[in-house]
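What follows is a pair of complexes built around subunit A, which joins subunit B in one and subunit C in the other.
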Partner chain A sequence: MNFLTAIQLVFEPTTLMVLLASAAFGLFVGSMPGLSATMAAALLVPLTFYMDPVPAIGAIVVCSAMAIFAGDIPGALLRIPGTPASAAYVGEAYQMGRRGELSKVLSVNLLASAIGGIFGTLLLIFLAPQLALVALRFSSYEYFWLALIGLSAATLVSASNPIKGIISLFLGLLLATVGLDVVTGFPRYTFGSVNLMGGVSLIAALIGLFAVAELFRKATTIQERLPPVPQVEGAILRQGFAVIRQYKGNALRGSIIGTLLGILPGAGADIAGWISYAVSRRFSKTPEKFGTGHIEGVVDASASNNASLGGAYVPALVFGIPGDSITAIVIGVLLIKGLTPGPTVFTQSGDIVAAIFVVFILANLILIPLGLLAIRAARNVLSIDARVLLPIIVMFSIVGAFAVNNAVFDLWIVLALGLIGWLMEENGFSVAPMVLGLVLGKIVEESFVNSMIKANGNLVAFVDRPIAGTLAAVFLTIWLSPLILRAIRSRAKATAG
Partner chain B sequence: MLKVSDLGSGLAIASLGALVFAQSRSFPAAGGVPVGPSFYPGLIGGVLFVCGVALAISSIKQRTALPVVALPGWTRKPRSVLAVGAIVAAIVLYAVLSAQLGFLATAMLVTTVLLLAFGVRWYASLGAALALSVVLHVLFAVLMRVPLPYGLIERMLP
Partner chain C sequence: MNKTQAISLAAILLAGTAMPAVAQYPERPITLLVSWAAGGGTDAVARALATQIEKQLGTPVNVVNRTGGAGVIGHTEMINAQPDGYTIGLATAELATYYWSGTAEFTYEDVTPIALVNLDASAFNVSSGSEWTDLRMALDAIKAAPAGTYKLSGMAPGAGYHLALSGLLHSEGIDPTFITVVPSQGAAPGFQELASGGVDLVPSSLPEAQSMIAAGQVKSLAVLAGTRMAAFPDVPTVEEAIGKPWVAGTWRGLVAPAGVPAEAIAVLETAVEAAWNSDEFQTFMTDRGFGLTYSNSADFATFLANEHKGNGEIMGLLGLRQRD
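Right, the complex of A and B next:
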């Protein structure tokens, strides 16, 4: 990895233009209630298809960092989170706004977001290459278990009902089997259609599940109007600095928790925000002030959700296992660019990885000036009519999904998965595990089949090596511990009753 | 979207799993390799079947008297139904018409339909549709050199 080359890669005029445009896009989508950071990333994918790897991944990195911050803006102004990641503290932020402290709470959001983002990035830069050195010694057996652990964690963390999480994951794995079988080339579930031979187009699937499904949901509330938006007045940054200085321990704690949750597959910015807010309240000297417009928890949670973004890239780059739904998209983009995430990516494409790190730092630095602009412009942005905005995003989704392969068939996939994703989310099935399954399905099957061929069908080989055996034990613990806990609890209940 | 009870979705998932499993049995065995193309889909089908049944059973145990399938509140609001239908129609129209009409004509038509269905006035809809189609054309066809469908309006361009 050579950071000088990386800086050259990033500080190219076209790349910088792409990053700036995606920053503006991210701030816009993030501050629109009902449009999430994941949707912003999914909408960028067709555009990244025609870019070099560095601007392509960079666009998603910048866009998601901006969107997660911008989600705080309507939270403070209207008590509506711009993205689910800000939901934990909208009540607190809104009450401060009502007391005339709008510029204070938004500047704290902004500074804490930048601090969290930079902390997550630094941990990513130091941790990922070290982990990659360890991972280089892994064989297909270890990868098989690691993929299973990642998928299990993702399923258990992101779903309120574990059975629904598993179903969602396996629906994704099922979608990934469509097309020619990896080993023998036998066509599976193609229903005789040539269009399905190459499998379900990942970009079309991402746009369907993450963008069109959200558009359907938002279309059902099209007649609802946002309340009038107050204008943010006065100096912004100075008040923020004072608060952050007072609560620097909270900013650090939020950053640490956020990064760790980001690394954990399945937990992303949304969960990081909730957990950090809860931790802040639990360990606060003045927990009674929480819920009355108190800034303390806002510092923790604002830092945490942005920190999780960097953390999520650790498992994504080192093992190819996404830490959240945005990195699931990033892995898809990397695969399309011919870069397979994994420990070798650090040696073979070290400059690109270093450039991604540089983009991360840059994104969190430009977050401050651009975020200030977004705060000032919030009143105008939030007065944009959803009746005009939604059709624009629909058209963008259609043309983007179509443009990648110039295939009408991909539009049917967009429509079908848009409806399925909507149906699932409305009934308590999170689509995130499904996307993980779709992205990782082929890799899981390949590493399993390769391992089976190497072992000549002998399953003992899967746990024979010490690391593989340990990983297998971790995998079993993840699945068995909730069952055992439940059994103990029900027995305790039975004896008590 | 429809509200489906856990009993309903569990049974649907279980039948899907059973179908996937049954279909995978017809895949040929791979010569000399311990696992053929049928193993992995068979496993997926099996897990979906078991989870679907488990979901249905847990729903029966909770004894919630929910209907299996119910229409949610938005289906009684004509504006919402129109908006949702318009998104479906937009994708279908683009897929069916773009090859014959070309990108610009299709995009203008589809955007106008969408905006009208969302409740925007007709003159604003027409203007916005024209502007958006040109912007998308410049973005995709000119800047990114994507070969968008060629047709009615493209023929008149220099």
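Right, the complex of A and C next:
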């Protein structure tokens, strides 16, 4: 690999133009509720047919990095995550916005995203072959435990009431069972409808539970014509820098978790955001502040979801196994360009691979100026009259939900879940665990059933591999340690008393 | 105006109203349905083909992904669309399985075949650490071991490559249910299982296995094709390995709903054939490693009928057949 040649490949006028255009496109798609980073990449594919390899892959890299950051913007402004990767901390970010700290939270999102992105890239550059080998050792047993650990995050992300959090999680898991069963293809809860065979679309659910539910809530106060929240003034970036300096450990931890989850095929930016947020709360010195508009978890999760993007390229480049849905698309583009992923791609097409790495770094650097422009533009949204803004959001929500599957049926899901989400939030049930259940439900079920098939029903197989056993121990510690601690404390109290 | 003149005038008027409807097809954009997600293999083939059909017909061909339910939603849409020639679909091998598995009511008779554009031969891929060194040895081991000893992954049970392999096993006198299927969403997670030691074999196309073969994680014992593939000269055909010709795999072909006017199908068939022969499409398919096979409407119809019958038999053996 020769990085000088690589830099020459990237810093060509046409390549730079392509990257800049994809950046703007990514910012737009990411900030639109319902349009995800994966969709942005998929929409770029037909255009890449006409490009050289470096701009073709570079366009997807830049566009997905921008989209994952931009997903935070509508989250903080309107409590509507722009992409599923922002769903974990949308409540936190929104409450900060309501307090007038919009610039602060968005600049933290921006800086943490850039840090996470660069961290993920560095691991990709220096450790790709080694890390990919570790990722290959993950079988359905390991995924099963990983998904259970992910589900445990539900009690941590639902701020105040763990019981209500678990009820919400189970609703999500129930929705995840709708459709053709992953093993036998048998239809469940489809009531004879072909549309339901595809299950509940995650994006449609996200728009319903967050966007439409929020619209119902806002509609009740629309006549009051509330004045816009006064925003804290001052340089946007400086506000973010101060927070990142205070929570630099969190940014690093989020980056590590995000990269590692990104490397694992089957876990991507969405799951990285959830787990990092939960870890942040679990190890925080002030866990009670979580859920009240506290910045700490936002640092972890914003770094994490962007870091996972770089991680996902590790198995994709080394083994041709996609680390997430975006790299699945990238592999297709690489093949069209005559680059077959595999260990030899680093030697045979070393310059191009190095150029992709340069684009990664570049993408995370131009994220900052472009992101700042987006934040400035976003602040103006708050001064728009709700009676104008809400119908526009409705329109975007409908377009976004329809665009995923081109299905009118999904709009009914949006409406139904919008009503459910509204009623749940009005009664103190957080909808975040429900979305988590939808994200992880299929993975839990598929990895469990596949493991049972492989082991011929022998449960010991779940723990007798080294990584699986370790993950099982982590899972049990998460659930048993509070009980044991409580038992010890009450015994101590009893002896003292 | 005498009677003859009147009749000719009427004839001209009639012709004038009737003719353009046929001659002008297509007069508006065509929708090309794909049952699988954007970015995947079928989607890529559909988009490459759509670009070339567009050039032939001079009208936009828009690829629309209708995903979900293991492809059944998209295929249902292809069959239920207006039979006016403005909605067509790129059907995949699963089309000829839904009826037998009980997932859907339709069969191949509910579509109008336009052209078969691709056939991907299945290959017999095992982990590079596997003790099996050739196909004969693998088949003997599977035959000798108790049911459920060996497992495969890379697809849902009853998908194209599973049926291809099951047919081969059956012809060797092995009960295809002896091999347990660990379901996965596509070949890549299947290879992940293979490398992590979870399963023993992954039947997939050779291009899908290419990266893992290059990485030294996977070896391919045979390809279920008539001749060796140019890109994989070291992988023998089934005939070379065990002395019996065996060709099977998965396919993709353009279909329209039943009842589309024959004129429209004729226009489409000509356009698709030219699109398939275009340098751009040929290069694309070769670069991506997709098999290049073409059959016109009539041959594709025969092919579908055979697939329907063959799948019914093999799915019966596998216990996946839900109706007679």
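Throughout what follows, the second predicted complex is superposed on the first by the 272 of 497 C-alpha atoms of A that agree within 3 Å, B and C clash if a C-alpha of one lies under 4 Å from a C-alpha of the other, contacts with A are read in each partner's own complex, and residues count from 1 in each chain.
As a working rule, a residue touches a chain if its C-beta (ideal position, glycine included) is under 8 Å from a C-beta of that chain, and two chains touch if they have at least 3 such contacts.
Just so it is clear, the model here is predicted, and its values are computed rather than measured.
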| item | value |
| --- | --- |
| Which superposed partner A:Phe138 touches (first subunit B, second subunit C, both, neither) | second |
| Subunit B versus subunit C as contact partner of A:Pro287, first or second or both or neither | neither |
| First, second, both or neither for A:Trp422, with subunit B first and subunit C second | first |
| Touching partner for A:Gly350 - first (subunit B), second (subunit C), both, neither | neither |
| Partner chain(s) touched by A:Gly91 [first = subunit B, second = subunit C, both, neither] | neither |
| Partner chain in contact with A:Asn456 - subunit B first, subunit C second, else both or neither | both |
| First (subunit B), second (subunit C), both or neither touched by A:Gly469 | neither |
| Touching partner for A:Thr184 - first (subunit B), second (subunit C), both, neither | both |
| First (subunit B), second (subunit C), both or neither touched by A:Leu215 | first |
| Overlap of the subunit B and subunit C footprints on subunit A, listed as residue numbers | 183-184, 406, 449, 453, 456 |
| Subunit C - residues contacting subunit A, complex | 37-41, 43-44, 47-48, 51, 64-70, 72-73, 76, 101, 103-104, 148, 151, 153, 156-158, 180-184, 188-189, 191-193, 195-199, 207, 210-212, 214-217, 284, 287-289 |
| Of all residues in subunit A, those that touch subunit B in their complex | 47, 50, 163-164, 166-167, 170-171, 173-174, 177, 181, 183-184, 186, 188-189, 212, 215-216, 219-223, 385, 387-388, 390-392, 394-396, 398-399, 402-403, 406, 408, 411-412, 414-415, 418-419, 422-423, 426-429, 445, 448-449, 452-453, 456-457 |
| Residue numbers on subunit A that touch subunit C, as the complex places them | 38-39, 41-43, 45-46, 49, 136-140, 142, 179-180, 182-185, 187, 194-195, 197-199, 201, 265-266, 318-322, 325, 328-329, 332, 335-338, 340-344, 405-407, 446, 449-450, 453-454, 456 |
| Parts of subunit B lying in touch with subunit A, wherever the complex brings them together | 1-4, 6, 9, 13, 20, 23-24, 27-28, 30, 33-37, 40-41, 44-45, 47-48, 51-52, 54-55, 58, 72, 74, 77, 79-80, 83-84, 86-88, 90-92, 94-95, 98-99, 103, 107, 110-111, 114-115, 118-120, 124, 128, 132, 136, 140, 144-148 |
